[in-house]
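Labels run A, B, C, D, E and F following the written order; every chain starts at residue 1.
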Amino acid sequence: MSSTVNFSGDLLVILRHAPHGSSWLREGLDAALVAAAFGQSVSLLFQSDGVLALAKGQGVGPLGQKGTATTLDMLAMYDIESLYLDPEALERFGLGEQDLLLPAAALDAASLPRLIAGHRLVLTF
Amino acid sequence: MRYGLLVKGAPYSSQASHSALRFAAALVARGHRLKCVFFYHDGVYNAARLAAPPQDEPHLYDAWRSLHDEHGTQLQVCIAAALRRALLDSREAERHGKSGHSVEPPFELTGLGQLIDLGREVDRLVTFAP
Amino acid sequence: MILHILNRPPSSSLVYRDALAAMGAVDRLLLIEDGVLGALTAQVRHFQAIEGRLFALREDLSARGLEGQCDASVQVVDVDGFVTLTEEAGKTVSWF
Amino acid sequence: MRYGLLVKGAPYSSQASHSALRFAAALVARGHRLKCVFFYHDGVYNAARLAAPPQDEPHLYDAWRSLHDEHGTQLQVCIAAALRRALLDSREAERHGKSGHSVEPPFELTGLGQLIDLGREVDRLVTFAP
Amino acid sequence: MSSTVNFSGDLLVILRHAPHGSSWLREGLDAALVAAAFGQSVSLLFQSDGVLALAKGQGVGPLGQKGTATTLDMLAMYDIESLYLDPEALERFGLGEQDLLLPAAALDAASLPRLIAGHRLVLTF
Amino acid sequence: MILHILNRPPSSSLVYRDALAAMGAVDRLLLIEDGVLGALTAQVRHFQAIEGRLFALREDLSARGLEGQCDASVQVVDVDGFVTLTEEAGKTVSWF
């Protein structure tokens, strides 16, 4: 990740939970979408099990639970284009860029604290 | 076989309720009897009668009721866990001087002793936790 | 034979360690919900001590888009298979 | 300074509500202003009006109300998280065709936009999660 | 732990959570007490962070939360005397027997599966 | 300076790893609730990378009977100290 990238914004939402197992991911994405709709500049960081939110091929749950993959499609519509991920987490699951629904920038160790410092508000989910 | 389920996760917040309902459907389809679902810890929130989930999501409260209606499964809620979480049936509401109630049949507030009895009466007790 | 059921992944929770310690020589472990992340080839080493006795719930893998990444050593079962596992086990123990 | 709190844990199940109330008391005692507590995820259960905890435990619902009464702190509840968890005020109950309600003032059902506004308006937003 | 110990009983309650942080520990202890009151033979296993339930010197929380230390005193009254702990967990926190409110038997690795196999019902909290 | 707040112990949850990775060179970490288990001498090695910037909430230690086991390298603060930490920090980030 180039050190010239601008890591600043109004809100950083950190997504640490996998889809389907809990509502954390959906509730975090909802907060991001609402902030964007309110005109804030929003960044997303997919960290830990949260990187699985980006995995291709997600479907509905057995009771018809929607999951969050369809919500990801809405990010661009809301002008949320600063997407970051923890490359170690991705590797932990044996996933590569080609397995992802959306491109997200891999953050190196030095950039993560800068990303957090650069946003006025940081919410973790 | 006779089964019992113990559900400890709040609806929607964790997958526990979804998993339990799914497992319940599969076991009755295979001819087993699901005697009772016991709700404990945050699982008691499954009994909240006013749930109004979005129409494109599973309606867990209604799904529990269907389980009761179609298969006679008892829906028992730990009363101690329920009271502090604002889940009161009419009787408890009156006893605590509250107007209105949040739990109604087929959900029943019962003591933990019912869980212990359930463990004795069924062949398998399977827990779904958050 | 006892069926242990685990719904947390080793990538974020250490409860799998206690589940493994509790398992006897013929006991089985079924991964469900977020627990299925542990069935991925990149994660399954955490369960090498019980190879051949590790199961994962298909619909939880597929809802997450992970069925293709599930390790070949894991026995993938559908929900009917989950019921069968509980029939075959003398009892179940859930870890969360 | 102006503070806001974001509470994401259910009362009694996790320590989040206790910690938030304790922190709230300390910050107002130091002369800060606590503008609003926003309840999200399972934190919305804090707004359930029928809570009847044992008398030897802290009454968290009453403690939130006191915070409002004594310091003017707003108690805002995410409406989307609340509806699926059976937390409806009179208006939402009517809108969804339900008899009875589970949330009443000083708790208010509001949109997530209020959380975003809160983040803008206060100097510090502190999250208490389960 | 002697291999002649009888690990059987009606209910084994496994306590994996620390006091005060959540209601798991209290709710697990409540289940154990009720089962004992119903005449069942109950064993307790303190595992992982749950070993801290046994720590001396626990007090009320800052809002007056009771915690669980007083509930532990009731175990003997209810004839719950089969108390076991995971010695690795105890060591993980630097605690020894002298730091505990109640004596609990340290389980070796081979005994834990036998304890679980020996009880008709096992509930984890 | 950012105040990070962690309520899970490294003995059962791996979230501490992500919290540490997110901390800048002068950021501080406050352990609260079950997170204070990480402040014990036997556990504090997990936080050695931020020695001198690790805090723990006194009332959460003492409710658990653990104040005496808290490592000397940890700065123990009461709830007023918690408020002060939030005053001094530009913002807070909670990890759970």
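Couple of notes before you dig in:
In this text, a contact is a pair of C-beta atoms (placed from the backbone, for glycine too) under 8 Å apart; a residue touches a chain by one contact, two chains touch by 3 or more.
Note that the structure is a prediction, hence the values are computed from the model and not measured.
Shared contact partners of chain E and chain F, listed by label: C, D. The greatest centre-to-centre distance from chain F, using averaged C-alpha positions, is reached by B. Farthest from chain A, judged by the mean position of CA atoms in each chain, is E.
Chain A and chain E have Cα centroids separated by 40 Å.
Taking each chain's centre as the mean of its C-alpha atoms, chain A lies 27 Å from chain C.
Spacing of chain C relative to chain D, judged by their CA centroids, is 38 angstrom.
If each chain is reduced to the centroid of its CA atoms, chain C and chain F end up 33 Å from each other. Each of the following residues of chain F touches two or more other chains: 7, 11-12, 14-15, 33-34, 59, 79, 91, 94, 96. Shown for chain D are the residues that touch two or more other chains, namely 12-13, 15, 22, 41, 57, 80, 125, 127, 129-130.
Contact of a single residue of chain A with at least two other chains is seen at positions 16, 20-23, 48, 61-62, 65, 120-121, 124. Interfaces, counted as pairs of touching chains, are A-B, A-C, A-D, A-F, B-C, B-D, B-E, C-E, C-F, D-E, D-F, E-F. Touching chain F in their complex are the following residues of chain C: 11-15. Residues 5, 7, 32-34, 59, 79-80, 82-83, 86-87, 89, 91-92, 94, 96 of chain F are the ones touching chain D in the complex.
Chain F meets chain A in the complex at residues 2, 14-15, 18, 21-25, 27, 91, 93-96. Those residues of chain E that touch chain C in the complex are listed here as 14, 16, 47-48, 86, 109, 112-114, 116-117, 120-122, 124.
Across the complex, chain B meets chain D through its residues 10-13, 41-42, 45, 48-54, 57, 61, 80, 83-88, 92-93, 96, 98, 100-102.
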